[in-house]
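Two complexes are shown next, each including chain A; its partner changes from chain B in the first to chain C in the second.
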Partner chain A sequence: MRTTVTGLRAWLVQRVTAVYMLLFILLFLAHAIVDPPHSYPAWRAWLMNSGVSIATGVFFAALLAHAWVGVRDVIIDYVHPVALRVCLLALLGFGLAAMAAWVMRILWMLHG
Partner chain B sequence: MRFSIFRYNPERDEKPYMQAFEVDLEPTDRMLLDAILRIKDTRDDSLTLRKSCREGVCGSDAMNINGRNGLACVTPLRELREPVELRPLPSFPVIRDLVVDMTQFFKQYHSIKPYLVNDEDPPEKERPQSPQERDKLDGSYECILCACCTSQCPSSWWNPDKFVGPAGLIQAYRFIVDSRDRATQERLDDLNDPYRLFRCRTIMNCTEVCPKGLSPSRAIERIRLKMLKVDGDDGGMELHRVPPIR
Partner chain C sequence: MPVSSNRRPVFLNLAKIQMPVGSLTSITHRVTGMLLAVGVPFCIYLLDLSLQGPLGYGQAIATLDNLWVKGMLILLIWALAHHLLAGVRHLLSDIDIGSQLPAARRSAWIVNLGGVGVALLAAGALL
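Coming up: the complex of A and B.
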């Protein structure tokens, strides 16, 4: 069994995260239309709901995983010099990790 | 009829160029290959191309016709926009005029082990197959390896040495679904890396240009499902209508 995210796994990650993001966005929009929060405290209270918090956290995890696989594929396709490719992948990984930390901080502060 | 044909003779020309030809056709000149041979016969006998069966079976006269890959011998002449622009298969190294180097293409083809792997004792007569098992090969065994698909596939353009390409992959599928083959799992494992199969971005140029109406993109999708061990449809694949080149 392969342990790295290559080939079939990467392909699967991209499809599963896409389906999850689509469902999340549809539910999010449905909520925004049916029961829109009219003030910041109402919005905050809705997001504080642990189910919504977890679903939002998973959404951003899916988004970042999806972006990692997708952009990595573009880099593998077009950037052939190894040094440049490693630099770009590191940059991408660092950027996505920073975004993950930022999302976690926001969700954490909401509850803290 | 007017033609603009890619010319390059490495012994004489510094750079490739397009050469214009105007040729009077005979009523019997129905396919593009007839016209090319007419040009070779009456205008310039140094024009170089591959051809053999002249009926879409051998796959040797694949070329880029008005921007689309196809077989000159089965491309109706009168529907073509003038001047008819003929170029060698895109992305393949040119040897001379319309003749390209297919070494890389066949290297990828051989890498998928295009033969039955079966170590069981050979039966006295043959390895029988039920009509249903035989039907599974429909839509993939018809590939004539003309390279129209691989040469028009952007994923093959970027990584021709690592991505097997649509022609190799539809051949791989043909052996994966063959009931007489015993190496199915090895074949799937061999393709499960970042390059060999998964460079495919489902652009589907391969299916669009296949002169035999095959669908390499569907074969690739089915290989992915087999890797996932999803019981998808693995019956024969239907042929599609080949859109005429204009």
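Coming up: the complex of A and C.
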């Protein structure tokens, strides 16, 4: 199995994550408009719901994967010196991995 | 080493390059994507803060009550609206809806103006 995200696979990742995020954002907005959490306990209780926690975790996973493919494409298109390109891609990868860890920690602490 | 080493002519006079509405939608899709990527850590920070007890929740709300932050927020909302609409336009043209030129030009206008419309609504709600 190929593990790199190039060509058709990157195209597919970008679309699957986009559709998931679109649905998540629409549902989140609908909830925020119909029943906005006006206090800390309400906000916390809403995110503590296991369905919401899982959907939020998946949302950030989709977001970070989408950002990886998108920003990587921009770097490859505009940054041509190989050394600089590799540095920026590494920085992007570390940054996104750090954000993934951060979100996992937030959701973990919420239930801990 | 440059990626392309052949001697094709390069024409990069930005003032003279034709910019049809579809290409404006396309480059703005890129620019808004980069803006949103930069905004992600800020959103995660606010999520983190808002869940650190009632005090943190209050601080997160208070952070948003600042003219500069509101301006940034409106910019990000514009970026999100444009990026979402342009993305839906892409998905539709993947399944051959609106990929003919007249329809593509019309949908490009809808995306560009729709993004600005959502930003104006957000500005009205926030300011």
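Note that the second predicted complex is superposed on the first by the 109 of 112 C-alpha atoms of A that agree within 3 Å, B and C clash if a C-alpha of one lies under 4 Å from a C-alpha of the other, contacts with A are read in each partner's own complex, and residues count from 1 in each chain.
Just so it is clear, a contact is a pair of C-beta atoms (placed from the backbone, for glycine too) under 8 Å apart; a residue touches a chain by one contact, two chains touch by 3 or more.
This structure is a prediction, so every number in the text was calculated from the model and none was measured.
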On the A-aligned overlay, A:83 touches which partner chain: chain B = first, chain C = second, or both, or neither? neither
When the two structures are overlaid on chain A, which partner does A:7 contact: first (chain B), second (chain C), both, or neither? first
What's your read, chain B or chain C touching more residues of chain A? C
Using the superposition on chain A described above, determine whether A:34 touches chain B (first), chain C (second), both, or neither. neither
Within the complex, chain B is touched by chain A residues 2, 6-8, 10-12, 73, 76-78
If you look only at chain A, which of its residues touch chain C in the complex? 15, 18-19, 22, 25, 39-40, 43-44, 47, 60, 63-64, 67, 70-71, 74, 80, 82, 95, 99, 102-103, 106, 109-110
Which bits of chain C are touching chain A when the two form their complex? 1-3, 30, 33-34, 36-37, 40-41, 44, 47-48, 50-51, 53-54, 57-58, 80, 84, 87-88, 91, 94
Touching residues on chain B, where the partner in the complex is chain A: 155, 158-159, 191-195, 197-199, 201, 224, 227-228
